[in-house]
Amino acid sequence: MRLTLLNVIVAVVLAIAFAALNAAYLVWAERRGAARIQRRPGPNINGPFGLLQPPLDGIKLMAKQLTIPGGADKIMFITAPVLAMFPAIMSFVTIPFSDTIVAKNMSVGVLMIFAFASMGSMSLLFAGWSSRNKYSMMSSVRAVSQAVAYEIPMLITTITVVMIAGSTDLMEIVHQQSRSILHWNIFPLLGNSHNLLMPFSFLIFFICTLAETNRAPFDLGEAESELVAGFHTEYGSMGFGLFFMGEYANIVIGSCMTTILFLGGWSCPFGLFPGVWWFILKLYLLIATFIWIRWTFPRTTIYGLLNLSWKILIPLSLFNLLFTAGLIKVF
Amino acid sequence: MVAYFTEIFTGLMSLFIGMGITFKEFFKPTVTVSYPYETLTMSARYRGHIELVENEEGNSQCVVCGLCEKACPSDCITLAGEKPEGGKKKVLTKYMLDFTKCSLCGSCVESCSFGAITFSKEYNLASTKKEDFYFDLLKRLEERNT
Amino acid sequence: MNSPILLQPDETFILNVGPQHPATHGVLRVKMEMNGEYIVNAETVIGYIHRMHEKMGELKTYPQFLMNLSRMDYLGALGYSHGHVLLVEKASGIVVPERAEYIRAIMVELNRIASHLFWFGAFVMDLGGFSPLMYALQDREHILDMLEAVTGSRLTYCYFRFGGLYNDVDDDFITAARQFIPRMRKSMKKYHKLVTGNIIFRKRLEGIAPLSKEMCRKYGASSAVARGSGINFDVRKNEPYSVYPEFDFDVPVYHECDSLARYMVRMDEIEQSLRIVEQGLDKLPGGPIMPDKKPKLIKPPVGDYYQAVETARGSFGIRLVSDGGKNPYRLKLRSPTYSNMHLFDEACRGMMIMDALAFMGSLDLVIPEIDR
Amino acid sequence: MIYEKIKTTLSSLFPDPVPVPPEEESAGDDQEKKVKSPPPPRQDGLLEREYSVHGYHLDAQISPAQLIAAVTMLDDAEFFIESITGVDWIKDNQLEVVYDFSRYDFDLCRVVIRTRIDRQSPVVPTITSIYPGANWHERETHDFFGIKFDGHPNLIPLLLPEDADFHPLLKDFKA
């Protein structure tokens, strides 16, 4: 694929549009889903099924005044929300939705996405630090220790997959899994993974995605019953809006990665109608699970969270890595 | 080591059980009433603010004994009456309820031995003005009759 | 989890939790001296919604004060009214018909279930789980509907009268209550599966905020706070009043002393209250709900009277000093959460803030009841 | 029986009991008898009360100086503190501080300790060193009656606003 200027512009616009639309309508989906779980109707007044709610909320947020608390670090305070949204959008560039729908495939796609993902915690740190609010400050400290703790098992699990695929190219990883459902990386023995522990890898990766995106039950950064609203306590208007959209964009990225690494990307489980649909289906099923989990569980504690990572996830994922390496060597 | 793995396993199972419950709830019908669009009828004993009871002629049954005024813990009730010329009983001329102070305890209704006041079923009582809650019950009675 | 190494007296900062904070469920303020996430020292500041009920008690006549009691604790209002009417009846020698006492006990227990359900939901919400609150509110709604159909109000009931009740229960109520019991038992199973068994929930509460028996005694704690610390103390059993001796029920006691124990006590209490309601409906005698002979004006003889009752929040005591007039000379309300909350300052030292707030939730606070 | 035990312990505070005819005590229910000449304020001493009428068993009126000793006795007998409050006996020109104690076990015994002080200089010793839970109760009593608890670590308004200089439960308080 030749990179032309038009190509780039279209890709960027599409990525932003996709991220923004997703963020807006995932809020709607989350509210509807939560409502159904709690046996209420949820937003249902504005438009059919309340579908006009997200644009109206957006207009409301944009119409509000952006206040900066006195004594706050102005530059950092303004940068933080942008930084929350920007890496998420950038990551979309390299995600392959299907054989043809990809803005720019890179041979180091995995690396690029992780590089951008780790920028996300920076925005939390910036926001918490610059707000000049003790709650925000505590929240950002938590967010950083959380990010450090969960990037390790996440990366180790990714390395396991990369080892099986023998490539860091996302396209290549999907192609390897596309022969049949049994070749998906999540399934052990028959396909390419040969590894009984792959379902656990999937679980570890999924848990890490939850933690990386600061979703319940790991939403310690914004633990509303303790830290009021955490790092975005002092943000109003679109500053808050960007954080909110960034969170959902990150969920989409995380789910995309899970789909690509473990669920065979756009490949169809039964060989029928291959195409982007399958990717979208898997993606939204994962996102629905995110929402489902959030409205089921209470929040963990910060030390429970770190214990989970350092005592359970990291040893297990390391063991998994060694085991897989051994299996690859043997077979 | 065994304990370590059993804890992980039981922990995971407990999470799946929880998710199973919310999954089941997801498909159950909603239980809420979307309030301004649909409303419930209040139960027979519902206590709204008080109201005067009318007799056959459409007048109040009140004999202006003032017991409700005395029974009220918060001094919400002010009433006045006068004897009409030739009449034997006092007739109510003013019955004001200061609903801002009323706590709906029902002491006034209980104290009335003539059945002249009762609870209304009104509960949509939002307003931005305090004056809206000084009810002239006699006027409300007349309005009801016309 | 409580590492004393981290607690250096310097390098601390003050964190103002409240008066408007999501975890305090009302206007309660805790000034916490923090070292990172650890609490070095805490000072609870109360009184933001103090209304001086005790002075109102002196200024109003006995019947006029009836409705104040339900304003103390808006979640378990009937328990407080029960204490007040029992006290005045005892002081002025009014004999209550048996039916009225039974109905009172049923109502109080239903109210206790409603209160515990709300606490359950709010407590899990404190820990970050939102859906259990909604499920708990659905069950609570059934109770409120039943109580509304009988008493006329949903939250701040004014139902008990000196000598009896405001009005009798009807068959609809009895059918509704009978239907409610099995439904509630089914819901309890759901809650235990969804919340009690949940590993995240257990990890957050197990071993958190241990309160020793001695500490409970020094602060005068009651309700689940005492019973979760292995103290078998329930005024309904220890100091039987009303018709409670007629009922067969257990007092759940847990010896773990942690937040989970307090949670378990309250959950078990819901089941015990269901048993009481069930037995009450079975045994409900006929007859009047008000005594035949009742003094027109309530004027307890000169003296000093005390009555304790077990409300949803613990041992509620009410002291009346009468000078023989139609107003009380002095009316003291001993609210249980006042003593329970007092523990917090000492107990939360060295805890992490999230554990401390979970602990605060496990105390079952209702701020108007503390502030009176 | 804890009741007998605590009765003997508490009566040790009153080496020479005031000769009070017991019948009159139970009939008149102390303090005030309507009209006539107001009876003198109650003398210090230990009274047994009818539980079914009054709701408590023992009623000890002591002097402020004996307070610590009496409360220590109750602490040793594993009583918990129920509440502390005051009563304004304006006719006697006295303030009364009432301490309620009870026990956690089934051997029921409610003890009321009361002490009377002069209305002009209301000072009693604090019992926070024995019962830390008395802290808020004493602060509350200080708020409402202006009774000073000598030695209290933090005697600032608790329920009233922090700048409150009035004591609403005094009988001569006018809002």
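Labels for the chains are A, B, C and D, by order of writing; each one numbers its residues from 1.
In this text, contacts are C-beta pairs under 8 Å (C-beta built on N, C-alpha and C of every residue); 3 or more make two chains touch, one makes a residue touch a chain.
All values derive from a computational prediction rather than experimental measurement.
Of the two chain pairs shown, A-B and B-C, the one joined by more C-beta contacts is B-C.
Chain centre most remote from that of chain A: D (centre = mean of CA atoms). If each chain is reduced to the centroid of its CA atoms, chain A and chain D end up 64 Å from each other.
One inter-chain figure worth recording: chain A and chain B are separated by 50 Å, centre to centre, where each centre is the mean of the chain's CA atoms. Chain B and chain C have Cα centroids separated by 25 Å.
If each chain is reduced to the centroid of its CA atoms, chain C and chain D end up 26 Å from each other. For chain B, residues touching at least two other chains, in rising order: 12, 15, 18, 21-22, 25, 31.
The residues of chain A that reach two or more other chains are 37-40, 295-297, listed in rising order.
Counting partner chains per residue, chain C has residues 131, 135, 138, 194-195, 198, 200 touching two or more of them. The full set of touching chain pairs reads A-B, A-C, B-C, C-D.
Residues 1, 13, 15, 21-23, 34, 36-37, 124-131, 134-135, 138, 194-195, 198, 200-201, 203-204, 352-355, 357 of chain C are the ones that touch chain A when the two sit in their complex. Listing the residues of chain B that touch chain A in their complex gives 8, 12, 15, 18-19, 21-23, 25-26, 28-32, 34. Partner chain C is touched in their complex by these residues of chain B: 7, 10-12, 14-15, 17-18, 21-22, 25, 31, 43-47, 71-73, 103-107, 110, 119.
Those residues of chain A that touch chain C in the shared complex are 34, 37-40, 134-135, 138, 141-142, 216-217, 219, 223-226, 228, 295-304. Taken together, the chain D residues at the contact with chain C in this complex read 28-34, 52-56, 59, 78-83, 85, 87-88, 98, 100, 102, 104-106, 108, 110, 112, 131-133, 135-136, 144, 157-161, 168-169.
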